[in-house]
Amino acid sequence: MEKIYARTKTIQEDKVSGFCPGCMHGTVIKLIGEVLEEMNIVDKAACVLGIGCCGLHMDYIAYDNTTAPHGRACAVATGMKRANPESLVFTYQGDGDFASIGLGESVSAANRGENITVIFINNGIYGMTGGQMAPTTLIGMKASTAPKGRIAEEHGYPMHMCEILNQLTAPAYLERTSCNTPANVVKTKKAIRKAFENQLNGKGFSMVEIVTSCPTNWGLEALDSLTYIEEKMLPEFPLGVIRDK
Amino acid sequence: MARVEIRSESCKSCQYCVKFCPKGVLAIGDKVNSKGYEYSVPVNMEACIACCICARMCPDAAIEVYK
Amino acid sequence: MARVFMKGCEAIAEAAVRAGCRFFAGYPITPQNEIPEYFARRMSEVGGVFVQGESEVASVNMVYGAASMGTRSMTSSSSPGISLKSEGISYCASARIPMVYANISRGGPGVGSIQPAQQDYFQATKASGNGGFEMLVFAPSTVQEAVDMTYKAFDYADRDRNPVLILADGVIGTMMEPVVLPDAKSDEEVAAMKEAKKDWACVGHKLDYPNRAWIEPGHWQTSDMQRANEEAAAVYASWENEVQVEEYKIEDAEIVIAAYGISARISKSVVDMLRKEGIKVGLIRPITVHPFPYKTFDNINYGICKAVLDVEMSIPAQFVQDVSIGVKERCPIETCLSSGGNIISREAIIEAVKKINEKQGV
Amino acid sequence: METNLCVAGFGGQGVMTLGKFLASATCDSTDKNVTFFPSYGAEQRGGTANCFVVISDEMIGAPLGDVMDDLIVMNGPSLNKFLCTLKEGGNLFINSSIVSDDIARKDIKIIKAPVTELALELGNAKVLNVIMLGVYVGYTEVVSPEVVWGTIESKLGKKPKLLPLNKAAFEKGLEIGKSQK
Amino acid sequence: MARVFMKGCEAIAEAAVRAGCRFFAGYPITPQNEIPEYFARRMSEVGGVFVQGESEVASVNMVYGAASMGTRSMTSSSSPGISLKSEGISYCASARIPMVYANISRGGPGVGSIQPAQQDYFQATKASGNGGFEMLVFAPSTVQEAVDMTYKAFDYADRDRNPVLILADGVIGTMMEPVVLPDAKSDEEVAAMKEAKKDWACVGHKLDYPNRAWIEPGHWQTSDMQRANEEAAAVYASWENEVQVEEYKIEDAEIVIAAYGISARISKSVVDMLRKEGIKVGLIRPITVHPFPYKTFDNINYGICKAVLDVEMSIPAQFVQDVSIGVKERCPIETCLSSGGNIISREAIIEAVKKINEKQGV
Amino acid sequence: MEKIYARTKTIQEDKVSGFCPGCMHGTVIKLIGEVLEEMNIVDKAACVLGIGCCGLHMDYIAYDNTTAPHGRACAVATGMKRANPESLVFTYQGDGDFASIGLGESVSAANRGENITVIFINNGIYGMTGGQMAPTTLIGMKASTAPKGRIAEEHGYPMHMCEILNQLTAPAYLERTSCNTPANVVKTKKAIRKAFENQLNGKGFSMVEIVTSCPTNWGLEALDSLTYIEEKMLPEFPLGVIRDK
Amino acid sequence: MARVEIRSESCKSCQYCVKFCPKGVLAIGDKVNSKGYEYSVPVNMEACIACCICARMCPDAAIEVYK
Amino acid sequence: METNLCVAGFGGQGVMTLGKFLASATCDSTDKNVTFFPSYGAEQRGGTANCFVVISDEMIGAPLGDVMDDLIVMNGPSLNKFLCTLKEGGNLFINSSIVSDDIARKDIKIIKAPVTELALELGNAKVLNVIMLGVYVGYTEVVSPEVVWGTIESKLGKKPKLLPLNKAAFEKGLEIGKSQK
């Protein structure tokens, strides 16, 4: 019997992630590892982790990585890629990291067309710090810093990072995917692959925005979080290729 | 002939594999791993068609598939 | 060796290039604009990279990234911009990333004034960010010294895997004077310096968990964090031998001026002027302001020394605190201060010295 | 007199709530000094969770002591981690549903309660912490059961539906605690 | 007065509300999330404003803006977030804007660890930003003290037109203990406090050039900048009378522990424990860590004191430098340190004391 | 004879600005003062100055003002307006300030729909610090930090702030104007008035992006800078109302 | 009958008023103010129609118009 | 021997360039120490601009002295500001085209040159600084005129078209300087 689906070697054999049950950070990290292996570029990879739950796996991914100050992953990646163009440099960031504190760094790197890849995990909340409002929190969604739920008049509306970056000329590739169904997982993996290929081909800035879940801070069981993604998140954050040049 | 292997220590009982398996191969068992999670187990292995959906959906890379 | 006439900022940048610096990211701020502008012209000639960051925060983090690749990297700014870099510098220290940066400091606090000052002494020497890390901090008082220190700073940074700070001021940064430039590292030397870091740098490693590069600006486990801090503390302790200080005519001095950077340079000329008038003045000039040459103050002849005169371009005075730790109440300490971008004048120093001389003479 | 208690288990077992209820009840009903100190990791869930409660007639120095008078252990890994901190003659309260290990130390008192099972019997796995709180209070009488119940009641105020269940859980625990004295 | 059982962070926030704080902006970071979260719930009840800033930089500047309107305003963060606020704090100090902020500090440097530590001592006390400004810095060792200090801090801030820092740590921030809350300022009092600032606040003024509010975080003219710094320095000098310190059983102490914040609290209980064993230990606990109670160290009976033991949760040690300025070599100084989020243990302190006791006894 | 065009009283009588000859910072500040006077709201005004040449007039405008740390004007204005809603709070910022270092603060405030007004001076360069590249520097335009001119591959393309903010839901009003002709000056004044009125009416975030000149750092005589605006800047930054809700 | 008044001390010689005056009323004179600028002066005041264009274009608020 | 020179005028008058040419020439041609220190305001233009050149056989302490040996003044405001810094017996070089004020001090030497007019005569208002540099060098001989010209030549290297004009300007200045000795 042949193994037709193997655990990626980029995750350390004997380790269990610190992610909560059903958290899709795990899914995405697995996909990244699979793509690196399939493309045979694990030994070129340099991952810049944002600060947030994404960092929970930093000690058991098997490729080079560093942690950027909260929000600054795109700036750190800019330095890494320009200093060592042979490397495949990608950031892995949450919505608080990429779209709130790091908004300036994110948009500026995209505008310069840095030849890096951004994996942007949009779970609509601050996971690691315990459920504060993110720029992508849905209207009406409760957060510990928005106890009555996000209110448009007070907090404004959810931010659409793909669409914002699509206003810039430089970015090569912007796609929004999710991991809530098998089909979407496959699409996410393809998108990650494409984003990495773009970098190897010198096409410049690519971003995959992945709509995921935070069952813990959404206050939902893992399975229910899938429904929430389908019914609430995706209508606000429609999936698809926004830019591909 | 197909088979899945689940690392019970990695499983966190999210049930994604259970939900998405098209053949009802998997279920949450009643045993608990050292982290306190009731892990997923194959209850109908014969039905497995090695589609890998369970493995693909598992956030914790707990599933491997053989054919 | 030929001397060339250069502006301090440009000389610092050229020294960095010659030391093998191949990445610079910075953001404009007076009085250090000539550093990024020089790199903007120069880097393409040596195959290096210049990036104008979108901010100081971005710039220091670009350097954190570039230096994580083993590339000799630098940033610079002036006072408020240095504050913005403080988180990034703290990350570099925590992750033990070698990098060099310069503060061409100006009046403060806040946006302050764009003229030269020494208001950032405590920030530079005690807390350039959160977490209690330490750095070698060099305070040049001539453009030549700024060049030599910058050149050497990269070696220290690599040796210690730690940031190094050049604490200059707007006078050093904007004045021109003749300098002799150090030899430029060859392309081979630059490549070799990078290669030497490849074990820990994020330049890519074979799929093999324990060998991958993992740059950690913090630790989940408190025990790991403590161990990291103990290791860093051991490096800091090793700097005891790095202390540099200039003692000038203190053997017979009845008044010893303590000053650093541009204030020290001005003070030194005052020493000569006053000596001509028969007033026995000396000077202690810390060259490293961290670690501080406390012990040098033991060399003062307290039997005859009427007072130590702290001369600095900061109100409130800051440097004076380290001076007083050195003096240990063995004689009084007086101050001669200016602030807000006012360059300390020789006249003011002379007056302060004479006041001590007279008062104590009675 | 100072009592140092450590409560340790998985995240999700209500370890923090247990400690908070106890400390809060002490504050409400006595003049004693009392501190509650939670200890978290970076993970939101799944890691080990533990907290420390100190109750004292005098000023409290360390809100987390090095040596514990009492130890409540809800799962296996916590037993391994904290058993050594329990002082000679100290009380070990143990969730015997999950912790099956034999305990080597003979210099301590061991109070066993299968709180996971009992909670399931009561119809809700989540009340295991309230049962254990009952056990602890019943055994030690560090605060009066009435006061502790009052605190639980007021904290659950917003969800009155849950009161009967919790009442039953607490009383079950008290009973076990008293019986093992 | 009824005591309530509260978490340190929440108690700090409630104390601020009661002091009349009507604007809070902050950004999440462990272990201080409960401060913004508490304000998020509470501000709407008192007609105040809570904003989750998009970053620490934005948050401190929102506070700079709100406080420029005369509104009592606050922000908080933890170590790396405090670094990011440093430029904004420096602006507040330069523009003489009253505001209060808290650092619930954690392990460092860099992102460090999320557990409690005292690694930010120098940053807090010497240089919370560029430019050499100073602040009153309070270091609570109980939740009650954190409440009282926060409440009072707003008065100091208004009086001095200067930022005030509450330097707490993760233990104080996350532990719960009984507290007695101060009276809440009435709406009228809150309004009156704002009204009192309307001359300089940007609340609008009639078209009349010299009377318009002009908030200046810097000055074009170096002479203006120097004057501003001299004025600020005069305020700092006036704090001589603000120094607060607890002396505990030092009269007959053969060993004096010096510690602040949570370390001091733990040390105090050690003093009692050791006294029971007959070891004569005392404690000096600075309550204001800036200005520092150097003079209190003159009260140690150096005739019998074998050593001062510096106890702090920082490696390398920082607080020890101020202690040694106070001790002035009149007896040896030993250290008992932990770092990286490891809370100092009573056992470790006891061991350190006993080691001194034995060694010196021989 | 009646005075039909009077110097605005909001600029101090006996002062001359520090702006270079022909610099339109002066024009815009004059227009702001005129609008405040005409609307009779000088005594409600609170101006938040960015750091840049805009600050050169802070000591002789007659209404309340403060200087924000470079880039943070929108955050400072957020605090001011929320703490004192009766005030008319507006920022006055350059392109380095608003679109580079302050990008995060600018976009975030717009996204929250803060009820403030932004006057954004786009002169395509860092004026005060002596001609470094700004996010709005044109391709090919020389700057001291882009000695060969802005190169798309290295620096990316000029940023269009109106269009980027137009991706957000909250903003009420976004218009781009210029001051290079009498007609455009009139339009700019109208736009400023409208933006202030919006704020008084509680409509939320309004921004007027004004394409201006920096003769000094463009290396042009004042008159030539007008041509440059017409021929180079406006094709890249087309004028008009981008959002009005 | 219309008239413009130019504060010569405020003028920086940018020539915007000169360029945009539809009636050619203004020109840069040959006198220099205390800042060193050759300031604008009316050379053909009779032609002025008080359209205020000059005043509106002046970045330095140097021009006032009367009618 | 230390010579302190201050050059002061409007922005746009080439004050900084004058100082830089002089200092640079000194560096190139002598073993002396020399510093050039510019002093700017926040404005890019229109403010006063001034710079300081110190030339010395010994180490230079302050790159900007309190007392000047020589003062070059290009406009009225600068005269008011700096005249008091000129030492007794010092040299005042003055742009007599613009600075018409009578100079009250009798303890100094005054060297007048109508450099603005002369520059216009030469056909380019911008060379007034080169004329003044000529005046200064011609009068003081602090560095040889050839060396100064060499420096100007090399700095203008990229714009050879401007050389004849500048040469004429410099020589004109030299002539005036020498003639007033």
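Each chain carries a letter (A, B, C, D, E, F, G and H) given by its place in the written order, and its residues are counted from 1.
Following the convention adopted for this analysis, a contact is a pair of C-beta atoms (placed from the backbone, for glycine too) under 8 Å apart; a residue touches a chain by one contact, two chains touch by 3 or more.
Protein identities per chain, from UniProt: A, F = 2-oxoglutarate ferredoxin oxidoreductase subunit beta; B, G = 2-oxoglutarate ferredoxin oxidoreductase subunit delta; C, E = 2-oxoglutarate ferredoxin oxidoreductase subunit alpha; D, H = 2-oxoglutarate ferredoxin oxidoreductase subunit gamma.
Just so it is clear, the structure is predicted and the values come from calculations on it, not from any experiment.
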Contacts shared by subunit E with subunit F include exactly A, C
Which chain pair is joined by more contacting C-beta pairs, D-E or B-D? D-E
Nearest whole angstrom, what separates the Cα centre of subunit F from the Cα centre of subunit H? 39
Approximately how many whole Å separate the CA-defined centres of subunit A and subunit E? 37
Calculate how many whole Å lie between the centre of subunit C and the centre of subunit H, each centre taken as the average of the chain's C-alpha atoms. 34
Residues touching two or more other chains, restricted to subunit E: which are they? 30, 54-55, 57, 80, 87, 91, 95, 110-111, 115, 217-218, 220
Multi-partner residues of subunit H (each touching 2 or more other chains): 41-42, 46
By the touch definition above, subunit F meets two or more other chains at residues 19-21, 67, 69, 100-101, 103-105, 108, 128, 130, 135, 155
Chain pairs in mutual contact under the definition given at the outset: A-B, A-C, A-D, A-E, A-F, B-D, C-E, C-F, C-H, D-E, E-F, F-G, F-H, G-H
Within their complex, subunit G touches subunit F through residues 1, 3, 7, 9-10, 12-16, 19-20, 35, 37, 50, 52-53, 55-61, 63-67
Taking the complex as given, what residues does subunit G use to touch subunit H? 12, 32, 34-36
Interfacial residue positions of subunit E with respect to subunit A in the complex: 27-30, 33, 36-37, 40-41, 50, 52, 54-56, 80, 110-111
Of subunit C, residues touching subunit A in the complex: 22-23, 25, 49, 51, 53-55, 57-59, 61-71, 73, 87-88, 91, 95, 202-209, 212-218, 220
Sort out for me which residues of subunit A touch subunit E in the complex. 51, 67, 69-71, 96, 100-101, 103, 126, 128-130, 132-133, 135, 144-147, 155
